[in-house]
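Take a look at these structures.
Two complexes come next, and they have one chain in common, chain A, joined by chain B in the first and chain C in the second.
On to the complex of A and B.
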């Protein structure tokens, strides 16, 4: 019987599930759209794993992404790790010499600087989501094209349009303006890619020493136009790992393996959790002027967890 | 004496509504604090002044206007630096402490300073205890209880009793053995560092991760530097100026120079890293931030900057703190092996 470790990355846009074996080889990956329903999607993902690997041993589970705590409540994770550490772990597993990780996901983008195999610096976008996946999604929709074709179309451009990419809202109005002027679609798409890369480098990567080898991860790495724009701006080759879209989950799985090896046991509740019924009950606490929004998660009618309060009154 | 209600989302909402949009965060929280206190019956507001090249110097003037425009009739007492006039300083203090003679004033001021020092020491003790505690929530409960009780009691002696009692409770918390916590210094703009609501409770969040936290500025440190040891300044703060000198030799307003000095100070103390916290568009700290990049590189010392304002999302904040702590632990592991 095979032994696996599971990594789950519950992000704003996608929920990724991976299984790795003892040698950190990827055995299974599933990329699901979160669609604002992390609970259901998670159950669905686990059910698929069960159908496929029903009799396999899952020895450990790691969760990451903005929904990492929620996922852990449901599943029982051995490791709950932030996205930055997970992405770095996966990048180093892919190539131990990695110096820079560019990660662009659904709603945030990061840069991780690595020296001698350890993270020495990092940054995340702070206030604005310009240049992330969900912004590109929206613009693809507006231009009437599939997001999967976006990058290929950009590569056809011979005369990219200059678009103001500092702010998502202004980039959109500038793009519409360029459309109205009658520019080619591929030139506009290419212009958008360039603008996003410029914005990334001058905001998130500002003041950071980007050194080669550079790894580009996250859903947006599928976009060939963005990759090429990065290579032109950085004057360096940008590598895209085979499993670029699930690197966070792979990192979580690797970390869970280390944790379980050290502890000797797992907290994983078992794959049958997908059969249970989960309900989320929001509560507005009016105990004080903070008016905390509390979430209560129930498993088959029993309260599993409550969180969101500042004072600890609702915690179990 | 009406202490402002504990800062909450409502405080900030009131403050943001009545403040200029591009004003720094402390200003907005102050306005919220004022209005909430006035509604509870306060008729006098005490604020410290400043003449440094930082917007804090304008606070009292603009805030008085705002309160008047809103129709609140209150007395705003500004305690300016002693530099600005010894006479005013003393007469303001007399007004606040309701004393007439200098010896009386001396006595009540001593008491006030003593109380502030005790309260700061207690907070620091809780930070140390939390890092080592087996059950971190136990420390949180003790401190929550202390804060809740402190507004219900009256008089200095009751407060001292409460502080002593809380101290004892903290001493009885079960601690981890042979534990060597990651040590992080918190540097940056003073108000942001000391008000937990504004810095999203950074001390607690780090303590929860088993990190030992120390703040570069506290009310005690400020008073020791600006009042008690006037005009010479306290030894610690003067030392920070000295440390900052290779990078910056003039004041740049606010606590910009202290921030730089503090970073180097913590490096010398053997801390693993520092976190700079500033309110969005705080000029002195932005200048310090750019210089900290060089400090970090020259000394090979991890420094992370976090910017807070009324739009700050908690999730991203926590992710950064966790990642920074991971970074520091990995660094330490490597130093031990290599």
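On to the complex of A and C.
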């Protein structure tokens, strides 16, 4: 029977599930839109794994992404790791010589600087979403096109329009203005790609020494226009790994493998969790003026976890 | 006994023990607003100018909390604390902003402390005394008593501001938490970062641990003289700890929209790049979701452990 390790990345835009084997080969991947319902989507993903690999052994589970704690509560994870570490681990597994990882996700973007297989520096976007996937998502909506067509359309541009990239709100008004002037759609789309890359390099990558090999991961790497804009700005080749969209989950799976090997057992609750009933019950605590928003998660009516309080009164 | 309200914000974090002793000495009771909480934050945002940074908004909330509980509120206008140096413009304008933004205030003691133009702190405290009909002689006596033991400030930080169960442990990771004291020590603004570090057994260093002589000496290593007193403290502390190799990393807590921080974060990050000390800037504003801050913190600590694991590793950072 096959032995697998599972990695789950619960992000703001997508929830990704992967299975890897003992040699870190990807056996299965599933990219689901989170749609603000991480619980249901996670159950759905696990159910699909059960249907496909119901009789396989899952020896360990790792979770990452902003929903990593929630996912771990439901599933029982051996490793709960931040996205930076997971992306770096997956990038190094893909190419041990990697020096720079550019990762652009739905709500955040990061740069990871690696030297001799060790993360030596990283940065994430601060208060601004202009350098992230949701910026493109939003503009695609405005332009009335599918985000998946964005990159191909951008590549058709011969004369890109300059669009302000400092702020998503400024960019939008700039873009509308350029539309009103009558610029071609592909030139505007390309202009948006350039704007995102400019914002990324001047905001997140500021002061960092970007060296090749450069890996580009995260959902936005599907966009060919962005990749080309990066290559032009950096004057270096930018590699996109085959599984660019699930690298975080792969990293989590690899880390879970190491953890389980060291510990000798897994905390995984089993694949049948998808049959159970989960309910989230929000509580507004009125104990003090902080009025914490507490979440209570129930599994088949039993309290599984509670968190969100500052004082620890509710936490289990 | 008449009551003087001290809002728990901005300069409170670097002066409170002195203020308290001074006012007690001249016969007034001190009332400090509660620790920053959601109510105080909400009222602060509601009662202040929109463009201000979060700490300024929060101190408005603290003043609002105090206004019907005390006879006076102490919000001095601290212009300058050293010759040829200034405080941030928002600190200079603080009493004016507060008086024009919040209604039904008791009397605000907004004495000017301007050590660039006047001789010293003592004359400032004499002016404070004048508000309360206290003679110069009495004021000076109270001032001298309040400032007789400088080390009481650091005792106060250890007792009141650091996490309750915080313990220094040799051989653990040492992190310098840098930033304005009102960002470093207000655990509501920074979502309890000191607590999070302490729970992970990290040793915490702050700029406030250093004497002003050290700060003066080590801030002079910058190319150009810094004319912000608080900026000087931050840069001097960074230089001291970096050059003496006492720390494994720096976490800079900056306020969104802070003019000083926009310059200081870069000065510190450049210095830490040269000396290969990991540096991370966390920008603080109104957000309450902790996922973002936890992710960055965990990644930062992971990075340090990862570096540590491979001792033979000699960085060729550039």
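Basically, the second predicted complex is superposed on the first by the 316 of 316 C-alpha atoms of A that agree within 3 Å, B and C clash if a C-alpha of one lies under 4 Å from a C-alpha of the other, contacts with A are read in each partner's own complex, and residues count from 1 in each chain.
In this text, contacts are C-beta pairs under 8 Å (C-beta built on N, C-alpha and C of every residue); 3 or more make two chains touch, one makes a residue touch a chain.
Model, not experiment: these values are computed from the prediction.
Once both complexes are superposed on chain A, the partners chain B and chain C clash. Shared-chain residue A:281: touches no atom of chain B or chain C. In the superposition on chain A, A:35 contacts neither chain B nor chain C. In the superposition on chain A, contact is made by A:118 with both chain B and chain C. In the overlay built on the shared chain, the residue A:66 is in contact with chain B and with chain C.
Contacts of A:85 after superposition on the shared chain: both chain B and chain C are touched. With both structures placed on the common chain, the touch criterion links A:173 to neither chain B nor chain C. Of the two partner chains placed by superposition, only chain B is touched by A:311; chain C is not. By the document's definition of touching, both partners, chain B and chain C, reach A:290.
Within chain A, the residues touched by chain B in the first complex and by chain C in the second are 66, 81-85, 108, 116, 118-122, 124, 126-127, 207, 288-291, 310. If you check the complex, the residues on chain A that touch chain B are 66, 81-85, 108, 116, 118-122, 124, 126-127, 207, 288-291, 310-312, 315.
The part of chain C that touches chain A in the complex is made up of residues 34, 37-40, 192, 256, 266, 269-270, 273, 278, 280-281, 283, 285, 291-292, 294-296, 298-300, 302-303, 306-307, 310, 313, 315-318. Residue ranges on chain A touching chain C, taken from their complex, read 66, 81-85, 108, 115-116, 118-124, 126-127, 207, 209, 288-291, 310.
If you check the complex, the residues on chain B that touch chain A are 5-6, 8-11, 137, 140-141, 144, 201, 293, 302, 307, 311, 315-316, 318-320, 322-323, 326-327, 330-331, 334.
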